[in-house]
Amino acid sequence: MSETTSETFTLVITGAPYSSQAPQTALGFAQAAVEAGHRIDRVFLYGDGVHLASALCAPPSDETNWSEAWSQFLADHSVPGVACIASALRRGLANETEQKRYELPGANLRAPFEIAGLGEWVEGRIKSTRTLYFHAGD
Amino acid sequence: MTAIKTLHILNKSPDNPRAAKCLEMVSEEDGLLLIGGGVLFLATGNLPGAAKVFALSPDVDARGLGKLKWSSASAVDFAEMVQLSLQAQRVVSW
Amino acid sequence: MSTLIMIDQPPYGAWTGREALDMAFSLAAFDQPASLLFTGAGVNWLRQAQEAGGIGQKSVEKNLSAAPIFGIEAIMADRSACSTYGLDENSLIEGVTLVDADAALLTNYDHTAFAG
Amino acid sequence: MSETTSETFTLVITGAPYSSQAPQTALGFAQAAVEAGHRIDRVFLYGDGVHLASALCAPPSDETNWSEAWSQFLADHSVPGVACIASALRRGLANETEQKRYELPGANLRAPFEIAGLGEWVEGRIKSTRTLYFHAGD
Amino acid sequence: MTAIKTLHILNKSPDNPRAAKCLEMVSEEDGLLLIGGGVLFLATGNLPGAAKVFALSPDVDARGLGKLKWSSASAVDFAEMVQLSLQAQRVVSW
Amino acid sequence: MSTLIMIDQPPYGAWTGREALDMAFSLAAFDQPASLLFTGAGVNWLRQAQEAGGIGQKSVEKNLSAAPIFGIEAIMADRSACSTYGLDENSLIEGVTLVDADAALLTNYDHTAFAG
């Protein structure tokens, strides 16, 4: 009965919120996976996907704040959310460690997102039952 | 339970060159799951005949295609998308 | 100083269509003549009965229906693209004019722009 | 002799750095325009283009920092650089005014970029000899 | 000084659907300036015969096309791009 | 656990190609089998004599030439795409294998991914 076996997923998000639908589709998938008794091993933000980890998004009040919604999901289910360090540094996402290292005027990474290398993706890809990608579409 | 070799998840519209390549690489033993702009293939109709075709309901409804008759595809929700991704031997996100 | 705003990306998957609408509405708000031209997969913005609540977005159908009230001069859709996507008078929202999007059309406007 | 007449340009950048080539092509154009004796009336960042105004980009040291290069150009030639407010708020770009208004944990707009509405684009489009767009390509 | 009605600036590769629409809307009195990925049209060769075609040199060199013979297009630098944009009656950036 | 990384976007105009290379090199660094497949306009990454200094970027030609040294198993290019873009043995960088990118090819890999 494979339906009741608990499986693990690594989700890779490469599309930015308010530019693509990738973060919301990924969240719908993640919620359904958890409801079915599976585990999200980790969420890896790559390329433009790192913008999802911004603490400074302020969309209109009648629109979903996807960064906030994802942070809440990660916290509620103890899922690590990792932004690729190379993508993050180029695109202006920094935590306090990177702020100090590169002498930047601030930090804007939203908790509980962390910054780490592509090794996190490689590990997820090896360990999880499935690694799924959520790209920008059209 | 349907046997699926590769599940192709396509979120590109029929105009996108990646969509054409995806359809080229779908075999008869594969499944094709249309999400995002990919559901617009239900409007153009030029889908591969052989493979099993699925379409994510919320994306279909958003694009006003909920009332179209599409005999060639099955509507799925996120729970079924999760199941499909586990059933298939491998998943390719286009 | 008439402006044509072109939209060739489909709805909901990408944001440029919404941002193109904002450009057109902004021109109209400043009393500048503006028209919209939908081509390619962009014509899918004009389909009736879009229900985007399930993907956490707002449908733009109402915004588009209100376009003439806000001063948008014309909403045009490329005839061949509509045909590709199975759109006709029964499935298009009201107020859309079918046109052939060709070189001659562009010469009617001082300025033509995409949002992205 | 139209070559020696001074003309004005509004440049609209809609593609982000490190995701598209739009900011660098726009800078090449802007520099050539100024060298030819023309004036850049303003630069308007729209959509994903607002990421160019980030103060927190830290690309590898052997790559150009396009945000910094553009800031320098704007300062050197007294050209206003304006990020669209609606695009900026959704995408996590904020100055101190918006930080206070939306109670955000920080601000990341790089000087001399400012935040304003689409009216800035409309005005540029009316006043300038030419308004040119630099979109993400492929 | 060349008379150009509309200058079309194209930064999309031949695979991009916007590129096809751009070429459809170029008239004989127009100019077509290839920049970014648009310069790849010099490799595929399927350019409109009638209009004047230009290609931005740094983009051509970056893509390794500097040594191709392209009789159908003229190389321009940024200074010439500025001039072209002013000469034309209008500019459309695709 | 072999992985195929696909690249269908041309060089320099968009970043996903570079980010796809980083994914492949990262797999190789962790001793995971990885191959690259270039399709569509993506085959233009493989053209000889790219000089990207004029656009403020680095050419990836050297990175790609070094791919076997870093442990990348194969660099493949879709035959028909190469033909579309006028690429042949004389204009391609060394070490590229021409293949037909079809359904059968995918079944050789456990995992297939795009960078964006």
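Each chain gets a letter, A, B, C, D, E and F, in the order it is written, and its residues are counted from 1.
Just so we're on the same page, contacts are C-beta pairs under 8 Å (C-beta built on N, C-alpha and C of every residue); 3 or more make two chains touch, one makes a residue touch a chain.
Keep in mind that what you see is a predicted model, and the values were worked out from it rather than measured.
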Hey, what chains does subunit A share as contacts with subunit C?
B, D
Touching subunit B and also subunit E, the following chains:
C, F
Compare the two sides of the subunit A and subunit D interface and say whether they are made mostly of the same residue numbers, over half shared, or of different ones.
same
Take the average of all CA coordinates in subunit A, do the same for subunit D, and state the distance between these two points in whole angstrom.
28
Between subunit C and subunit D, what is the gap in Å from one C-alpha centre to the other?
26
Report the inter-chain centroid distance for subunit B and subunit D in whole angstrom, where each centroid is the mean of the CA atoms.
39
Mind checking the centre-to-centre distance between subunit D and subunit F? Centres are C-alpha means, answer in whole Å.
33
Which subunit D residues touch at least two other chains?
18-19, 21, 25, 28, 47-48, 63, 133, 135-138
Provide the list of subunit C residues touching at least two other chains, using ranges where the numbers run on.
8, 10, 12-15, 40-41, 55, 57, 111, 113-114
For subunit B, residues contacting two or more additional chains:
11, 13, 15-17, 36-37, 58-59, 93-94
Go through the chains and record each pair that touches.
A-B, A-C, A-D, A-F, B-C, B-E, B-F, C-D, C-E, D-E, D-F, E-F
Spell out the residues on subunit E that touch subunit C in their complex, using ranges where they run on.
5-6, 17-18, 21, 24-27, 30, 90, 92-94
Which positions of subunit C touch subunit B when the two form their complex?
8, 10-14, 40-41, 44, 47-52, 54-55, 57, 59, 84-87, 91
For subunit F, which residues are in contact with subunit A within the complex?
1, 3, 15-16, 19, 22-23, 26-27, 29-30, 32, 111, 113-116
Note: in the complex, subunit E contacts subunit F through residues 11, 13-16, 36-37, 40, 43-45, 57-59, 61-68
Mind pulling up the subunit A residues that touch subunit C in the complex?
18-21, 24-25, 28, 62-64, 136-138
